[in-house]
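As structure tokens, here come the structures.
The same chain A turns up in both complexes below, where it pairs with chain B and then with chain C.
And then the complex of A and B:
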């Protein structure tokens, strides 16, 4: 198992390093502390959200609602902060909101047995609609963002942006949980073979429910990072971010077919996507290509995954027949 | 809930949606005198036109067990390429032809990736969704093309002379009828259901499933390009952020129309009713001065509602049956999740 995991993330890490180096050869500015800072800072939101999405995708589910959740959470945090409430109170509200959305998703997926795609599409819509309704044309600007958050956005610890440290610490926790805890391993079991997971006595409903709830909570916490990073919150905050998150996970080796992948792989995937964006910018390619590259890379990653998995399956069959 | 179960098993979900539509119309005309007018009917037709056009092939796709999340981005890409070619001196008529070709290409790409590379349609179309939307911005930057010829935009905005119906009705009505006949009265429709129930069995029965689904995606691309033309003319503008969220509205409408997300089950009637119902609800809400965000909330709720209610009814039914008969192990219910 350990070897397998290592093999799975190694290629993508190699690609990341190779790509970064090639891009840095083309533009020396990239290969510096400021280049590294841009990379980590720019990808911090996605890096945080992949922890949530990995929990879900390894169970062979998907959560599309995190973009709406993180957006609304950032507005809740910003609005309450500008009303004079303390940071902790605002953070707590954001997280509770995220947990609530996640719990709704989890309830419908785990106990009502509804397809997660449809459920989270629905909540994506609902939450965004409510968000627009509540926020309207309201605009939380940077001087209303809590000081701690704006400090975190503009400062670094040992040349590493604070925002990325938050995302990375969370990834460490989630990654450790998924690797070492029994309930974490259960998520993999659910994703790789559901009937077998039932037969093995895994509490599928409970695990699914709590994974969705946790994912929502992480997205709620992400609201703080979102408002810190952009210094503002408005009705379209976080719009469409779920696409980038799913892309990062899949590129980072979290199989959309469930049961495979780690948070660290997903973070490497997020870094790779961000490197490509930066490299394109550094090489003078228009910013508008970013969406194209993300989409194309996602498709390429799924295709590659398909090719690799069918190859390993073939070797398995051969081994059995020998 | 007993009542709901009975409705589902006796008269069917699609007719229930039809009944709901009648109810909405009655309530709408009671709530506001502006609802049941011919001019508002014309407005509703115009309002739901693109959704209706895309919902038709989406019904086929979902019944066949696939999905396409890229339709809205593809619509926007077709619209952008029409705008781009027109802005670069191509006569507008030819720009429309280019748009249709682009639409066919988007469908062919999805169809190729899903059927010949064997990738999951959900994942693939999330990818192409981003890809197509990105290409829109590459084509147009952030500048929409607005100066479209008056003759064409007139077609998008004006009604057919002497009637209250917009010109797009002439396109949509035949398409709806064709889709209805194709799904329920031809071999293509039977193949669609067969592919959705069991792709493998359909293959063994001699249906060229891969090629069939490939052409289904190409047809989706074609319909998307028609929807894009209607959209572009109606707003007299081609902009890279067109039709944001239309894929969700369309899928919500199809599922609310009683089509099963698991494939193999559904009727075209239900979907047609459901799209009109969506337009009717939206119209009532607008006429009583509800905010425009209401549609997002309504679509989201309809989507959740339409998957949750049948499931709950099914679970209750299963529970009742187990109480009567010998208790079934919990494993059977878990298997149906797959």
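And then the complex of A and C:
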């Protein structure tokens, strides 16, 4: 029981279930399969990207460039598909592009020791600028989207949207890696105490570099989901999505101060934010109030985090003194 | 009594009138024809690299061929007033007779237009006009449709799709978008008065309007919000190209039964119209805008058209008259459905 209470994701999961149930009482549409489908389907892009962002935030870094990367990758995939290339080829191009952006971020942050906030803000603008230059007024239409992708967007497996399944499987892989692999645990060590990580002999630069590269790669893969989800790609695709991803991570218990949090927590965070959007909409709350509620929730989440973490620190100190 | 004096007088009168009318037409149209040949006309878009203006120029060039004028398509690569000014100066130096222009900035280009006007160049704005206070700088502005009609036409389309009954919602652009707000304001009372079996999902049009901010992600989310908040919604009007596209895509993905219409680009909406997701969308036709503007300019140069309110000019088979503000409207927005989408998706 005490172990269960110590799971960071539990409170947020409880909030999610409670919020969903209360909202569903007000609007029965929500609790139906279509309501659940909307929830999973609508949050699938964010759910995919939290896998990338969690890798970064636990290291006490941040990656703001994923919105530009996923957008440009979706265009690269769509453009090559409309030029008659096969899906696998297009997908590979998108992922390679993402890896390249991630590698630039990683290089500058890990080896040049530049602050990730500034570096990735820079690549956010840089990639978006290049994207605008390349795409111009070009528009990839839904009839140019590879058939497999549009099928995935409109179909489900066991009532679960395919897009969410992709995001979830990826989260399983990343989550398993972060929990069970030595190099995955290193990311937590880097984020919780950097000097100690160096002293413990962790290859901080290498880990940081590859984590950023992987995050970019995930965003590149996400391009396929983005174009599937919206049936279009143009110079504005994915604009501003990174902030929603960071919000989902923080609400889901991935501490912005580094060292704590899991991909699953972040996914629950993403689902909670999506539930709020759906529920407030379904209950007839004006859409402008939804932004207010999301913002308040974000601040509440980080406040709760502060309280919980200072308490667990105290228990740790107590345990040490015992 | 067939040949009564009264009837004979009437017939005589008719004959005289007919001859007079013919004469008048001949007098009016002869110089216009003579002068039009050899006219130098400049066709200036907001920016030359935008597909929409390629279509606009296509209409202008067709008109030029018909009146045997020489038309040059020239303009900046970025859609700003200052960039256009340089090209307007060029038009003045090269002594063009007519300038047909889509104003990239409703104020910044006005001094240059006034210079061009002073140099004897007849200016017609088309697609986008200068500010109302600067209306005297051009002869006339050729614009798509009166603001109110753009809104009410969309109500007619959704009524056709839903069979004239059911509850309707609006998926707009940003809450601050002036164009959309004006159209939506016209939709409200029109739906209530013209379609007694239709109503707004939220009671009034204001309470039934959702804002997707001209962003695909947000528009999709708001489409979903409409469906979950009002499961019985019969139709959604989206008076913005981004919104109607997002709505069509989401309707298709969810296999939703709600009807969707609005203002959409044919090239973007083609897949959804071809597969039946959406029956009909509309937009103005840039080809017609360019076509009619060239005729207006040529008529102004020939002196047969003054641009005063109530005056009129002919373009092809149709006649256009000037309404308040010195504007000639094309008429109803142009609509796209299965019958013509194949043609227009290749154009814009």
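As a working rule, the second predicted complex is superposed on the first by the 301 of 322 C-alpha atoms of A that agree within 3 Å, B and C clash if a C-alpha of one lies under 4 Å from a C-alpha of the other, contacts with A are read in each partner's own complex, and residues count from 1 in each chain.
In this text, a residue touches a chain if its C-beta (ideal position, glycine included) is under 8 Å from a C-beta of that chain, and two chains touch if they have at least 3 such contacts.
Predicted, not measured: the structure shown is a model, and the values here were computed from it.
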Check: Taking the superposition as given, does A:141 touch the first partner, chain B, the second, chain C, both, or neither?
Finding: second
Check: Touch check for A:294: first (chain B), second (chain C), both, or neither?
Finding: first
Notebook entry, point to check: With both structures placed on chain A, which of the two partners, chain B or chain C, ends up touching more residues of chain A?
Noted result: B
Margin query: Touch test for A:213: chain B only (first), chain C only (second), both, or neither?
Written below: neither
Check: So, A:302: does it touch chain B (first), chain C (second), both, or neither?
Finding: first
Margin query: Looking at A:230 after the superposition, I want to know if it touches chain B, chain C, both of them or none. Which is it: first, second, both, neither?
Written below: second
Checklist line | Common interface residues of chain A - those touching chain B in one complex and chain C in the other | finding: 288
Item checked: chain C-touching residues of chain A, taken from the complex the two chains share -> 27, 29-30, 35, 38, 42, 136-137, 139, 141-143, 153-154, 229-232, 236-237, 239, 241, 277-278, 281-284, 287-288
Next item on the list: Using the touch definition up top, name the residues of chain A that touch chain B in the complex.
Entry: 62, 108, 112-115, 117-119, 121-130, 132-133, 194-195, 198-199, 204, 243, 246-247, 250, 256-257, 286, 288-296, 298-299, 302-303, 306
Next item on the list: Quick one: which bits of chain C touch chain A in the complex? Just the residue numbers, please.
Entry: 49-51, 175, 210-211, 215-217, 220-222, 224-225, 228-229, 231, 245-246, 249, 252-255, 267-268, 270-272
Margin query: Looking at the complex, which residues from chain B come into contact with chain A?
Written below: 67, 113, 117-120, 122-124, 126-135, 137-138, 141, 245, 248, 251-252, 255, 261-262, 291, 293-297, 299-301, 303-304, 307-308, 311-312, 315, 330-331, 333-338
